[in-house]
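Data block below; observations after.
Chain IDs A, B and C follow the sequence of writing; residue 1 opens each chain.
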Amino acid sequence: MEAYLIAILIVTAIYVLLSLGLTLQYGLTGLINFGHVGFFCIGAYAAAILSTAGSMPIAVGLVAGMLLAGLAAIPIGLVALRLRDDYFAIVTLGFSETVRLVITSEGWLTKGVQGIPGIPKLIDGVGTGPALMILALVGFANILAVIAFLRIVKSPFGRMIEAIRDNEDAVKALGKDPARFKIQVLVLGAVLAGLSGGFYAHYIGYVSPDQFLPIVTFYVWMAIIMGGVGRISGALVGTLLLMGFLEGSRFLRDLLPFISAVEMASIRIGAVGLALILFTIYRPQGLMGDYTRRK
Amino acid sequence: MAFWIELLISGLVAGLVIGLSALSITLVFGIARFPNAATGDTMTVGAYGALLGHRATNSLLVGGLTGAIAGAIVGFLGYWFIFRKLAQRSNVALLVASIGLAFVLRAILGVSFGHSQQVFQLPLVRPWRIGDVPVHPNDLVLAGACATILAIVFAILHLTPIGRRMRAVADDPALARVSGISPSSVMTVLWLLAGAVSASAGIVAGIKTVVSPEMGWDLLLPAFAAAIVGGIGSPVGAVVAGLLIGVVQEMATPFVGFTYKIALSFLLMLVVLLVRPRGLFGKLEGAR
Amino acid sequence: MTIDRRTILQAGASALALGLAPQGAFAQAEAYRIGALNPVTGAGSPYGSGMAEMIFAAVDEVNAAGGAAGRRLQVFADDTQTNPQSAVLAAKKLIEVNKVNAILGTWSSGVSLAVIPLVNDANILLMHTSGAPALSTPPANAKGYGYRFQATNDRFGRAFAEIAVKEGYKRPATMAFNNASGIGNTQGFKKAWEAKGNKVLAEVVYEPNQPSYRAELQKVLAARPDVIVMGSFLPDTTIILREAFQSGANVKWIIPGWAANPQLIRALGNEATEGVISVDSVANEQSASFARYDAAYRKGQSQPGASNVYAAMTYDMVITLALAIEAAGPGAGTAQINAKIREVANPAGDKVFSFAEGKTALAAGKKINYEGASSVLDFDEFGDVTPDFGVFFITKGQLERRYVVKI
């Protein structure tokens, strides 16, 4: 049992990095990034390719994944940030699908739809010990991300991006260029997603394009909306809730055997939808409350 | 030459489906002012509705009407129970809620109809040949149906009093309110219309392909792209842009292949947004 | 196919009954725990619940015959959602929480590739129905604990080539769904076909969920092929064949059996499917084991057993595994049981068609060769089955088996 719990916690910790990235982008800066899974995918594939075909140490792949995801965010930022925010949502969604198409098509590099098996583990070995060490490693990355996050919020940069979210025109009037700050935030969030992708690849051990569908992005959105937009505690609690909810349905079926697995799959997606609707209408501040003043 | 004409026709046919779904998106986007991600799943509702109607009566017309009514009801329910309550909120809230609605609709369809494919049992016909180019009679019917739907939408918007009020709200919501236009009656009609149009798109897609709970969602991204390329709030623009995207995708396949063609709708959208942010047929809009 | 609630209830009830049954004859030995990890939802959903149910049915059969080596079999079921991430967590749950000794019935290659490292670490067996060649060899099958009950995509491709030769086709083209299985089929065909000194005229790989496949078809048809070899699934095959018919193409088709099935005929009608060649690994239809499986499947799913080849495979998995446990004797671990699998399933041995029959023969000190419901079930050195292929022609809306191809 404890090894299974550790497995869930590892996956949760991997998703927390995604949630933190989105919290930075949406919660703090108001960027509606609907292409989060694209950066996650870049990080995962960079780690997978470098550690298998490239025979590089794992750390190199992780760092490369962060850098590449961050780099990919720059052109998206340059182009898309001149757009209305709902257009930005659609453009980023299109971006993540394009990333998936490139991964699918460029088989010489990515092995296309066959996927890349045999990605080495973060820490080799069998049993609870190595699993705990992996959890510690990913957890450590989480703590670093949270510390970085807090420093950003308290810095002049943090005050600036929140000002952009609350009143972009006022920021412009002060002679600052909001676009530059937005691109930096987009890159930071993408770097976190890239790191998350790298951990994911090394943990699951196999990547293929169909693991990077937009549903992953929506799961992360659900997590931060449930937890509370713009709060670190919201990202943590929301992600835990999300995983509890996704994994809990396995046990729910043991309790309610009259629900078939097929129905359970529909119910699972329906519950995600219902949570999104209800939270948006009745508790827009999320469980942990929103410390921002966004309406 | 025949090769390119055939590709062109393929593109037009694919574009009709994209254009119809974009038509619904652009109506909502122009008047309720947010990208409605539930459009895809409303399409699916329409397809299942039509399937049931068609099976019960063996008439495609009755089936189509059943589907359109089902879509209109879903559109209205979505407005009444969800979007109405979010009217004063940011468009992100509306977008997120529409994704939620999309998932709920898909879940209901999945539980009710299962996940295996269903098809419209229609007779298959061999094509006519004009020169070297095969022309499917069914495609002409579909094109006619799309033209009719577009004409109906156009007539409602331009020839009826409620249509004039809808356009007034689209142009300037604040001014419309001051002029005494009741937003809720305009919105009710809008959502009924948008639901019925999505449903028609779903029915066309369902006839051309197969009906499954995921079918509408899969068409959403090109439809969004078409709505933006055509210019938000422009029905003609949405259909023309849908056709354009279909044609560009198919005519480009000899050069880019069958995987990257999907990315072209995204690319086209990006280019249009950079060069002409209001889209091909969009009106100039002020700052939001 | 719809999953009706009653069957699930039954499955649940039989699981409960197993859990609660008085230990009786089994009081001595610990139960052998089987993880049923099937694609109940997602792309594999047309097959998954039938696969799970046949695991339960076969386990009931084994337990009714007194269990294997004095051990009762016990099943824990979970859903992969046909998605690697979900499958990994499900497998972790089965291994860690339910402490299973073997995982049976993973379906898509992506899922099996993601699960097999966990199985290697936990020193348990994996029996799957995936086609990807990578599953045969290290690193995936490093310990030889992976068994494949489905022909590899490669073998399917070779069978396609044999059929094309036999039918006298000269100008084939291929169309493949862009995933590992689809491309595996057409590339297997191409390799085998070109090895015979022939050429493939056109190849198209298409994306799923398109509103139309006409441009894809046009490219293939422009080469004027006499046959199109498909690596496809049901929905896309439905759309492509319909569009091909409506654009007036006169071309023959060779299609894997999971796509060219009665549902396809029902969707398109007799005229558009006339002459389509459907290829499937031969279910061992004349055998007594198939009859047993078929009866169980009809009882649970109210459909003929032949409609779900994968369910026949999961049924065989349990029987094969149980016979190996029986042969290995009481208290055997994974390595000893693994060593017995080929011994009980491959030739040079008395043919047996059920667990009870095999158990009796083993008790009499004989060597046995289990002949399965899904195929004669002989494993090569990679743990892959090497089935023959049935070649079906669709004639007036009926699938008609004309001959069998041996590779």
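Everything below uses one rule, namely that contacts are C-beta pairs under 8 Å (C-beta built on N, C-alpha and C of every residue); 3 or more make two chains touch, one makes a residue touch a chain.
Nothing here was measured: the structure is a model prediction, and the numbers come from that model.
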Farthest chain relative to chain A (centres taken as mean CA coordinates): C
Selected interface, B-C versus A-B, where C-beta contact pairs are more numerous: A-B
Computed distance of Cα centres, chain C from chain A, in Å: 35
Interchain centroid distance [CA atoms averaged], chain A/chain B, Å: 30
Distance between chain centroids, defined by C-alpha means - chain B, chain C (Å): 39
Where chain A touches two or more other chains at once, by residue number: 104, 262-263, 265
Junction residues of chain C - those touching two or more other chains: 3, 41, 45, 178
Per-residue multi-chain contacts in chain B, two or more chains: 114-115, 259, 262
Residues of chain C touching chain A in the complex: 3, 5, 8-9, 11-13, 16, 40-42, 45, 48-49, 52, 78-79, 81, 83-85, 88-90, 92-93, 95-97, 109-110, 113-114, 117, 121-122, 132, 134, 139-140, 178-180, 183
For the chain B and chain A complex, residues of the former touching the latter: 34-35, 82, 85-86, 88-93, 95-97, 99-108, 110-111, 114-115, 213, 221, 224-225, 228, 257, 259-260, 262-263, 265-266, 269-270, 273-274, 277, 288
Chain A residues within the chain C interface of the complex: 1-4, 7-8, 11, 104, 112-115, 117-118, 126, 204-206, 208, 210-211, 247, 250, 257-265
In the complex, chain A residues that touch chain B: 26, 32, 79, 82-87, 89-91, 93-95, 97-98, 101, 104-105, 218, 221, 225, 262-263, 265-267, 269-277, 280-281, 284, 294-295
Residues on chain C engaged by chain B in the complex (per definition of touch): 1-3, 41, 45-46, 178, 204-207, 209-212, 214-216, 218-219, 222, 234-235, 238-239, 242, 245-248, 263, 267-269, 271-272
